[in-house]
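In the two complexes that follow, chain A is the common piece, with chain B as its partner first and chain C second.
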Partner chain A sequence: MSAVREIEYRDALREAMSEEMRRDKRVFLLGEEVAEYNGAYKISRGMLEEFGARRVIDTPISESGFAGLAIGAAMMGLKPVVEFMSWSFSLVAADPILNNAPKMLYMSGGQFGCPVVFRGNDGAGGQLGSTHSWCVEGLFSNVPGIKIAIPSNPYDAKGLLKTAIRGSDPVFFLESERMLGNKGEVPEEEYLIPFGQAKVIRSGTDCTLASWGRPVHFCMEAAEEMQKLGISCEVIDLRTVRPLDIGTVVRSVKKTGACVVVDQSWSFGSPGSELASQVHRHCFDDLDNYVHRVHSADVPTPYATNLEQEYLPNARKIAEAVRSATYNL
Partner chain B sequence: MPINVTMPRLSDTMEQGTVVKWYVKVGDKVASGQVIADIETDKATMEQAVFDEGIIAKLVCPEGKQVKVGDVIAVLAEDGESVSDAASASSAAPAPRGAVSAAPASNAAAAPNAATASSTAPVATRTIVADVHATDVTDGDRMRVSPLARRMASEMGVELSQVQGSGPGGRVVKRDVLLAAENRSAAVPATRGAQIAANELVAATPSMMPAAAASAGALVHGGQSIEVPVSNMRGIIAKRLVESKQQIPHYQVTMKFSMDAVLALRGSLNEQLASMEVKLSVNDFIVRACALAMAKNPFFNASWAGDRILLHQQVNVGVAIALPEEKGGGLVVGVVKDANLKSLRQISGEIRSLGEKARTKGLSMDEMSGATFTISNLGMFGVDNFTAIINPPNSAILACGAALEQPVVRNHQLVVGFEMAATLSLDHRVIDGAMASKYLQSLKQFVEGPTMLLV
Partner chain C sequence: MTSLSHPTAGGTSAPASPHSVVHTKVYGDAEHLQVPAAATHVSSEQMLDWFKQMLLIREFELRCMQAYQEKKIGGFCHVYIGQEAVAVGCTAAVQHKDPIVTAYRDHGHALARGMDPKHCMAEMFGRIGGCAKGKGGSMHMFDRDNNLYGGHGIVGAQTPLGAGLAFGCKYMDEVIDGKPNSRVSLCFLGDGALNQGAFHEAMNLAGLFDIPVIYVVENNGYSMGTAIARGTTMAHSLITKAAGYGIDGYVVDGMDVVGVYADMKRIADKCRATSRPAFVDMRTYRYKGHSMSDPRKYRTKEEEEVFETHDPIGRLEARLKTAGLLTDDSLKAMQKAVRDTVRDAITWSDESPIPPMAELYHDVFVEPWGPYTGSSQPAMNGGTANPPSMRTIDTKEELS
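Entry: the complex of A and B
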């Protein structure tokens, strides 16, 4: 066993793509600035050099065009990976990504699959303003036929992205600009992480914290704070919201009797509301309080730093929710 | 005209009540709906409101005194009426309106019944507003309990009405139930001495023993007992059946059924169905017969709901299933839904799979819930006849003995035939004796003319 190395989230993403491109000639990357500029966020650094311009393709600023192109390629047997500089920009490509990709297999009676991966930054990146700070999981998790992964760390990012590329369905892969520089242990040897398998990353007895993506880190901070008050939190990283590993959450809530769902998308009709609803259903007789939820505030994302911080889920808000859910306010 | 306020009936089982506290005094003006007293029943203490407006003329029942349901506890003077007149006019006796001056205290004792019996005379005696579900009420509001706390209380045998809630709005939460259970177990050693003394007094009549677990051990003097922990299921059986026996006015009606025809039909059907691995049991016939008889007798498919009776539109027959001892014993009720719409073969298949599942994996909530009538059959154990306890919220349960070969009289001849005795236990609030007999007659027609079960 080689020594465990630490790499950045962005490197983990690149390793996943490069390994899959070496393994399978059908895989290719396209998006704005992915080739010559080495990626707007340096995720695809060096990939043009290794794989050439036929497989690492710079596109015009035309999400609708290149998303549609990728879907066509996927239908015809290739395995495109599309980088959206931000998922906020995917909204102009709503028709291809929501109306074509997820429904293709169904509407063609099984004749055409659509094995395409769309990936990019999701959520508030830090003072990007209302229009560029979308948490698209709130919108897109509503659509059947899509798989959605929202990894919180480099290890999961690599394992899930490789699984996404090898799969035969459209996958929306939601990264975060705020986490690209995060370092984490990623082994040299190959591994895959299946979709729909949540991970208990901290065990506890009094309250279950369920989250995905960046807020998982806030949950861990809150859990640490709560420990000082003698409230033991179990933290679950869902990793994918479609499919949703409800079983792991239910097992935990049956043990703790309290649950806080943390989701950085807006609360109304969100993956968080869905998860809470399912927990209420499956754990009705096990709950000592209603499932509490921490979301971004129900307003457009503010620009000012202080307001943006207050708008997003954070450790303080999560801690308050835990104290309320466990009757320790 | 003075208005008498009487002790209300706050639960089906309530006979007497105690005014724990008066919130009003003589001379106070009260509005309709105003809380005037705390009343303690056998189950709970509840706030009581008045229907009428008026001025309190007299508090007849002192705090702490127990009086019968219907007895006058206070007198109200109506608007414009003198308080002292009202107080003296009523004296201690409730009286029908309009009869006060003519009817002095001498016939007062008979007055409450006369008042309620007479539909023509307007009645001054009013019943106080109360929710009939006394156990579920605190402060005139529904008791708030978290689902987890409710489940834990039920499992631990903690009486929720005795638990003080610490959550928002007085919600009883997990820690409150834990605390109550802890206090209870701490209290037991302290009171045990007193209980033993009490037990000695009643040792000759063990059936009068209180159900409290702590006192049971004292029954056996000098001998040793082995403690068997009570499983959840045993705890639930105990709780539900005690509730059923305490709350439902049970009575039993037995009838004997000639089983020759049904046994012959079963034999011939089973011969023909053997290749399909179908084997009908006598119980399958009884389930279908009961279901069809229920469809003809809607009050057998009913529940008592406090102030009304619910006639269910779906006929769901529950079948008691004993669980193997190695699995901890106990029993569950598997439910055949829409049993009146299913063939014998369907019923047989469902009961077989419910039985197997109950004995192996356990039944799901869905498979155990929704019964509107229950059958308990001990015939396969050679039992002649027995009685069963009603499975709430059912209104009846049928206890079936074995079909026994015995001398019977047929057409004035003593011959040998098969007979089965079946005993209905009934909720008299819903079903009277004549209705029970009629149901048994329907059942008899189906069992003794079993071809009717095939069509």
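Entry: the complex of A and C
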């Protein structure tokens, strides 16, 4: 096997889209500034040149309009990829993305599916303030009929995005502006990553840390810290929250007897609360303590650096939760 | 001509009646629609066919109202009585391959598009024989074989979809198949939907991207109890809204099926040829309440009576009789045939089974776990042995 190259998260996303667009002419990219500007975050750099303006399409600032347009095109048989500059802006398109895309197949009795991928930045950036820091998985994972992928690294980003585009259902693909420049190993060869398949990224024996997206990295930091105290953490990257690979988490918790769920969205009615509830149900007799949860603070996202840092899940908070969950050790 | 004006006519600058502005092209390139309506050939067979379709829709809707009273139909149910000429004329003016999408007042469009009345009725009865297996209901009529992309319940929601359907058609023809665009989409909306943001975004996109979508505003003068002029600016001249988006606007008498056909045919032909959108202020009237629970306190009896004299069915009946194409006897025979069809649809729907419980979990995803699963998901989270509360979280079916 050839030496594995390292590329940035944003390049992994572009490779996934470009490869799928070469493979299937039904795939096209639509969004604000995706074409001539090369993407607000340069994810689609060069795609206009390669695919032309019919397939890499600049839209006006009109999320409800172009999200709905993409859904109509998907019902017609195309495979649109819609870039939201930020998922925070998807809220003005709530009706198309939540009321149309996920329900079309069901309410048409199986006649019209919606193979559309909505993707963009999710979660706090750097001091973007209250309106621009949404973790929409907290809201949207409540809705049946959509798949939600939240990759934490370039390898997963590419493999999951290819799967998302190739699939036949609506997918919300949640990236993070904070990770777009992160580098990681991505092979030249083509690969796809299945949805609903978590990855154990560090094995351990005392406590299971389950997370997705950016906080996975904080879990790894916390696991390092805990190792120094002699507590061995197993870290699981769920990769998709819908479908949710509860099996991998349960197998781990049955081994460790302790679990901390780390979720950047707010705690009330979140993927984290769902995961914790399922772990309680399946591991009732295996747990030595209740499932601990680390979320963003239950307040609007603050602007000041220190407040924002304290607001988000971080390694310190995770370590504290692990310490509490494993108090008996 | 009547002295009472369409509710559209709010304010002094309004035309006296919708019918006084029929066939007037107000904005855009002037030549095209100045072809007189008579130049669009309409055969006697076509007229008779439209007549039958309108009779069918009216009978179907009357029986829906009855079935609603009998509690066979639940939820919200909006009937199309009075507006029949719009769906029938517009559908006739486009080709079967052209996609159609509409709002919740959708039974007429479904029938005009060719949906079997049985499937339409059974849908409302919540039966497995319904067009969507009883999972859509009155507001959500979908028919893939007839290129009907739904009834949509959220006011205005279908307007970006309509643009997307036409965009999809054009993309498939031009980008994938490398040939000129061959289709237009018809997107129906109520006058109330004009005030939704989604509609304005869709119009802007359609104008900007040269999308061949035709927005047909079924301007029945009211959104629920709100007369159009109480909720919509420029109610007397809605096409000015299209002008703002660089889209050609037309006013059409929606109570005359032959006129609807003739005007819509020319509008659709033009959209197809130029790959441009259009906007139609289709002046019509709904005779019944907004939905099944509407005593119509917001309008006068006199107004209703005036519009009853414009009845699209009555008008065509008179025309057919004058032309010697219809006699009292042939009319009776047609009415009987229509009554039989609808009665059969009701009997059939009564007999259609309720959806099996497994349907609750079907059609959530095309591929519950994605195309490349190989998932490690254990049986604990799927499969029939598990309680529904778990299966709704992950619907992988093949797990046991």
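In this section, the second predicted complex is superposed on the first by the 327 of 329 C-alpha atoms of A that agree within 3 Å, B and C clash if a C-alpha of one lies under 4 Å from a C-alpha of the other, contacts with A are read in each partner's own complex, and residues count from 1 in each chain.
Assume contacts are C-beta pairs under 8 Å (C-beta built on N, C-alpha and C of every residue); 3 or more make two chains touch, one makes a residue touch a chain.
As the structure is a computational prediction, the values presented were derived from the model and not from experiment.
Engineer: So, on chain A, is it clash or fit between chain B and chain C?
Structural biologist: In the superposition, chain B and chain C stay clear of each other.
Engineer: Looking at A:244 after the superposition, I want to know if it touches chain B, chain C, both of them or none. Which is it: first, second, both, neither?
Structural biologist: second
Engineer: For chain A, which side has the bigger count of touched residues, chain B or chain C?
Structural biologist: With both complexes superposed on chain A, more residues of chain A are touched by C.
Engineer: For A:327, select first, second, both or neither according to whether it touches chain B, chain C, the two together, or no partner.
Structural biologist: first
Engineer: When the two structures are overlaid on chain A, which partner does A:119 contact: first (chain B), second (chain C), both, or neither?
Structural biologist: Neither chain B nor chain C is touched by A:119.
Engineer: Taking the C-alpha centre of chain A as the vertex, compute the angle to the C-alpha centres of chain B and chain C, in steps of 10 degrees.
Structural biologist: Placing chain A at the corner, the angle measures out to 100 degrees.
Engineer: Counting only touches as set out at the top, which of chain B and chain C does A:79 meet: first, second, both, neither?
Structural biologist: neither
Engineer: Given the touch rule stated above, what does A:25 touch, chain B (first), chain C (second), both, or neither?
Structural biologist: second
Engineer: Could you say whether A:289 touches chain B, chain C, both of them, or neither, answering first, second, both or neither?
Structural biologist: first
Engineer: Could you state the shortest Cα distance, in Å, between chain B and chain C after the structures are superposed?
Structural biologist: 12
Engineer: Just to be sure I follow: which residues of chain A are touched by chain B in one complex and then by chain C in the other one?
Structural biologist: Shared contact residues on chain A: none.
Engineer: Okay, in this complex, where on chain C does chain A touch?
Structural biologist: 99, 101, 130-137, 140, 142-144, 149-150, 152, 154, 157, 159-169, 171-172, 174-176, 185, 197-198, 201-202, 204-205, 208-209, 362-378, 380-381, 392-394, 396
Engineer: Would you pull the chain A residues touching chain B in the complex into a rising list?
Structural biologist: Where chain A meets chain B, its residues are 257, 284-289, 327.
Engineer: Can you name the residues of chain A that touch chain C in the complex?
Structural biologist: My answer: residues 25-26, 28, 54-55, 57, 59-60, 62, 64-78, 95-96, 99-100, 104-113, 115, 144-145, 147, 163, 166-169, 192-198, 243-248, 250-251, 274, 278, 282.
Engineer: For the complex, give me every residue of chain B touching chain A.
Structural biologist: 146-151, 166-167, 173-175
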